[in-house]
Amino acid sequence: MTNDLTIAKALNQALRTAMEEDSKVLLFGEDIGKLGGVFRVTDELHKDFGDHRVLDSPLAESGIVGTAIGLAMRGYRPVLEIQFDGFVFPAFDQIISQLAKVHRRTNGSVKLPITIRIPYGGGIGAVEHHSESPETFFTHIPGLRVLTPSDPQSAYSCLLSAIRSNDPVIFFEPKRRYWDKGFVDRTESPVDPWRARIVRTGSDVTVVAYGPMVKTALQAANASEYSLEVIDLQSLSPLDDRSIADSVERTGRLVIVHEAPGNLGLGAEIAARIGKSCFYTLEAPIERVTGYDIPYPPSKLEEHYLPDHDRILVAVDSAMEA
Amino acid sequence: MTNDLTIAKALNQALRTAMEEDSKVLLFGEDIGKLGGVFRVTDELHKDFGDHRVLDSPLAESGIVGTAIGLAMRGYRPVLEIQFDGFVFPAFDQIISQLAKVHRRTNGSVKLPITIRIPYGGGIGAVEHHSESPETFFTHIPGLRVLTPSDPQSAYSCLLSAIRSNDPVIFFEPKRRYWDKGFVDRTESPVDPWRARIVRTGSDVTVVAYGPMVKTALQAANASEYSLEVIDLQSLSPLDDRSIADSVERTGRLVIVHEAPGNLGLGAEIAARIGKSCFYTLEAPIERVTGYDIPYPPSKLEEHYLPDHDRILVAVDSAMEA
Amino acid sequence: MTTAPQPQNPAVQLLTPEGELVTHESYSLDLTHAQYKSLYREMVFVRRLDQEATALQRQGELGLWASSLGQEAAQVGSAFALEKNDFAFPTYREHGVAWMRGVDPMKIMEVYRGISNGGWDPLEHRCNSYTIVIGNQVLNGVGYAMGCTLDQSEDAVITYFGDGATAQGDVNEGFVFASTFDAPVVFFCQNNQWAISQPSEKFVKTPIYKRADGFGFPGVLVDGNDILAVIAVTKAALDRARSGAGPTLIEAFTYRMGAHTTSDDPTRYRHENDLQNWKLRDPIERLKVMLARNGIADRNFFDAIDIDADAWAHTLRAAVRSMGEPAPESIFDNVYADSHEALDAQRAAFLDYHEGFADSGVQS
Amino acid sequence: MTTAPQPQNPAVQLLTPEGELVTHESYSLDLTHAQYKSLYREMVFVRRLDQEATALQRQGELGLWASSLGQEAAQVGSAFALEKNDFAFPTYREHGVAWMRGVDPMKIMEVYRGISNGGWDPLEHRCNSYTIVIGNQVLNGVGYAMGCTLDQSEDAVITYFGDGATAQGDVNEGFVFASTFDAPVVFFCQNNQWAISQPSEKFVKTPIYKRADGFGFPGVLVDGNDILAVIAVTKAALDRARSGAGPTLIEAFTYRMGAHTTSDDPTRYRHENDLQNWKLRDPIERLKVMLARNGIADRNFFDAIDIDADAWAHTLRAAVRSMGEPAPESIFDNVYADSHEALDAQRAAFLDYHEGFADSGVQS
């Protein structure tokens, strides 16, 4: 069965599927019930599954994650919604001290199959704290997995995999792409969320992106005079650097794109790994096209902060001219 | 005036100096009064400066940082103690959402000259949450500065600079080196905390370390058959990559050492920057010697987790043999 | 869905919804006629500001707006009670407070237009930037108050938060720190019945003001739509704070008459009825009736204010529409207070890059 | 420094410090003689465990120890009140609770020896791993209790924390969530008067149990050194929880007779006097006098238990000393539940590396 769905709707469908296939899956978060979440990703689910499967939480993120851990110990598979990227930090302690460590601490006795959905990234003209890209903080934490889809199909497949995973998964949703449409195959899983996927093949430069920047990278590829291979990471942790290396072995050049500040952004890790594994085949320095090392700016200025296809093209040119 | 001091005592002296030179400097944290802190870094200061300069706080880290922000708005220069590395996370939200952003948000009107002292790192045989190296989380946040000393002299100079800085500074203290002794020149500042310093010159391989690993790197340098140049970063943010690059331009080889997990550890950023800036002079892939991507293990196993001089030597050999 | 809840315990009231002055055993307020009239004027302007901003948002001139409609008495009244040197820590909704602290409304507009994240200088107005992360400002305010004590000054602090915010750890830690240090702070909770789509009675099983007791300081419930009671109660709490007796929690029972923000759609979760009930308790109407009934003001006065407000709103609208935009490279400003070479280098590269596009004629 | 504080309001007591049985208007307890005797035995063993561990730490066999000395009645009594399927969420100090949940003390030793961060299987014993980050376990316990409700089971939860912990955001958020969802959880606060060097009266301006009221559920103060009162009060709270009526906060007023941990030096911050006062209120002595006075047990019984405990402690000591160490590569175990190639690769490289040293004869 295929359908033309928005990312938001694909996520909604994935939640529905997960709830249908496992009665232990429950949704928990602020305003996710009647309101359907501020982005309506949980639309209709409260109505269809009821109070015991879709729970509105008090306004306290540490509380949401902290109690979800207890729910998981009791056998539930909570899928949490954090309303915006900038509001996950009150829960950071529970995430790093408990969520990420309990399975290891208990020698495998206690599993915490918890998914934390977080709409993230900029570009929607929002006020402060509503446009952050905090993936570094979670990718650096052992014990967590981190996924982020880029289109409706990966949204559907990644979210289902996240919920089915027996490990805690931080699931970043590219909020400014929520309304992008695409086909979704729901009968099987045509996408392996844990692997990077080549979303456009090319021979001159490998461009690695994830989440909202995949579309931007594809735009750049369309506009470039060079042949760009665009890779969508999907999984930020574990990082599928082998797929990147395979591509770089062919192209000899790498450009990495993300919205988060460059300093210790994910691009740093990718550059470090590929710089080592492809040391003898890299023909140019690895380029990073990222947010600057500043707090996310007020919305009227966000376009100057966010990587766009021009900045990617300039980086591609640098790589080609090196 | 020079003295043979431990790092803990050098820090204590720096606090005393700062409190003497500016009556707005005050200390705030758990058990820092009569007890003098669990590591005695604030020893005697409560007695000598009184209740209004050395304040024991309730047991709540978000509260400590959150109220310190208000104190700074009122003109104070709070120096906070977080008891152990693993207990800074309840304060993470106040740090990232307020501490790091207020100066920018207020267009420079409000300065937050707050120093957060955090004993960090492993090697002391402690229970869980007492051996973490969380520097990535803070180094990735624009608006913060991050310092970590490696010996008594840098401890003294760095802490004074942190307190005198008009920006918030996260100050990581290498707890397992607290009792290491060395000379401290307190009359002037022989060390610029914001620059990396070459603590041993060499010509074959540049070894970059910081905090507790500087000593380990020096041990490796002593044991190596090659000539190692050892760099102590001191400042993790901003990162003085130019000094590293200068060294690598001479040696052609780089090994980075830290305790934190490798994945998105500081080594990633250093490797990414040097991989780019020294692309044409690097003679071998950049090596990282780091903690593994696992939660810090129980203490009986920590020696297997922590980089030691053998692991550094193996990395040096790899770099030389590449 | 339920009908509009009433505070379970009698709230302090000095002015009934019908505009009658009543007495209270513990609280009273003695204002001049001029002051009563000025309070009315302030509330009308604050409401007009809110209306105008809502309209500007619809027209695309603002990115978002959080309406203060219905909460004018709680905001204007509590801020009126402050001394000049006191310090206010608002959330994102306290336009009435910012107004009373002398903040230029254009600076508020800057924040919701996306030109600045802060707008005004908090130290100049002794009114903090709006805080969006729920609860953060409570601890910041308590810290500021601790500083007032250390300074042995008589300054006090008021920190605002909503009913929803009472769930946050930071708010409760604020109670602990304030209690421990006898900080001169007033915790001013506007219980406007809603946290976005969540009715407050769902998460708050006991009246909010009762929370204070267990932290070792008093709590007071006040009719938040009665500006006189709000002033009296807030003044008393500030006096207490100044005297060194420590914090007070005030629960101002009010109602969010608008949507949560312009992005919100309250029809998904609340009945129109609730709103109608609360319209009968409108804080501005109430004071107006009192002024008229007691012959303090007449129709000419009210009309003149409306005309003033209209004119003012007109100017505001025009000013917002023609607001300039900061230079792109200003995104690098003020990230650090001390010099920062690495960021200077990023700014320089940024300028070079845009220079490049300008030269080549490419649109960036 | 002050003399040992007394609870300001009368705490529930069924057994006086002098070992007299007294009645209480709301609480009573009916135990068999065998049960009384077994409670005594459990407390003696828990104390012995604590002594032994303290000694082992001094001898370098443990990395650290957090003593439960003086808190045996609070811990053994509250855990005694649990049903088999109830779930306990301890801090790092509840050795008496772990003991009562059937956790092998060797597993506790593993944690403090640095061999494991968790020791036992929490699901098997329905007793969570020790939680070190202050307050975290309170939310985890509340969540588990919410699950009990969703399951429509009669299971209940008890979650432990100290007086110091009441300042933490997580603990207060735990109160909010429990109240909102009527979660079947008992908040059991051992007010042992100290949070490391901080006397509880410094940060807690009003008795802790009173905190509950403002969150919408009852709080009870109990003499934490009176095991009978602890059992009665905890049982009542658990029953209430099971019935769907929601949480209860119990403040068990007790005293930390030892140092905070073996790393601590209490002479820096407290008078020896305080301790002496509290020795008169020793929880074990109190029950012993009651047993003797009422002819429930005699000297032979007490002596036999001491001999048993000695023998047991001897075995424990030997076992700890000869405890094996996990394989180095086990540090990679159980980081993830599902397969994880990247980490498998790290483990393989780790093994290769050590293999290399083994081959070359180099000591790693």
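Labels for the chains are A, B, C and D, by order of writing; each one numbers its residues from 1.
One rule holds in what follows: a contact is a pair of C-beta atoms (placed from the backbone, for glycine too) under 8 Å apart; a residue touches a chain by one contact, two chains touch by 3 or more.
Remember, predicted model here, so these are calculated numbers, not experimental data.
Undergrad: Which chains end up grouped together through touches if chain C is skipped?
TA: one piece
Undergrad: Treat each pair of touching chains as one step and give the shortest count from chain B to chain D.
TA: 1
Undergrad: What is the chain whose Cα centroid lies farthest from the Cα centroid of chain A?
TA: D
Undergrad: In whole angstrom, how far does the Cα centroid of chain A sit from the Cα centroid of chain B?
TA: That pair's centroid distance is 31 Å.
Undergrad: Could you please state the distance in Å, as a whole number, between where the Cα atoms of chain A are centred and where those of chain D are centred?
TA: Those two chain centres are 40 Å apart.
Undergrad: Cα centroid separation between chain A and chain C, in whole Å?
TA: 35
Undergrad: Using Cα averages as centroids, what's the distance between chain C and chain D in whole Å?
TA: 45
Undergrad: For chain D, give me the residues that contact two or more of the other chains.
TA: Expected reply: 116-117, 133, 167-170, 173, 176-177, 180, 202-203, 335, 342-343.
Undergrad: For chain A, write out the residues touching at least two other chains, lowest number first.
TA: 58, 60, 62-63, 86, 89-90, 93, 97, 101, 104-105, 128-129, 142-143, 239, 292-295 - these are the residues of chain A that touch more than one other chain.
Undergrad: Which of line, ring, star, complete and other names the graph you get from chains that touch?
TA: If you draw each chain as a dot and join those that touch, every dot ends up joined to every other.
Undergrad: Mind listing the chain D positions that touch chain C in their complex?
TA: Result: residues 166-170, 172-173, 176-177, 179-180, 202-206, 210-217, 219 of chain D touch chain C.
Undergrad: Under the definition above, what is the set of chain B residues touching chain C in their complex?
TA: Interface residues on the chain B side: 26, 52, 55, 57-58, 60, 62-63, 65-76, 90, 93-94, 97-98, 101-111, 113, 142-143, 145, 165-167, 238-239.
Undergrad: Which residues of chain B touch chain D in the complex?
TA: 30-31, 33-36, 38, 56, 58-60, 62-63, 86-87, 89-90, 125-129, 292-295, 297-302, 304-305, 308, 310-311, 314
Undergrad: For chain D, which residues count as touching chain B in their complex?
TA: Spelled out, the residues of chain D in touch with chain B are 63-64, 92, 111-117, 132-135, 164-165, 167-170, 195-198, 202-203, 263-265, 268-269, 325-326, 328-332, 335, 342-343, 346, 350, 353, 356-357, 362, 364.
Undergrad: For chain B, which residues count as touching chain A in their complex?
TA: My answer: residues 62, 86, 89-90, 92-93, 96-97, 100-101, 104-105, 128-129, 136-137, 139-140, 142-143, 237, 239, 260-261, 263-269, 271-272, 275-277, 279, 282, 284-288, 292-295, 322.
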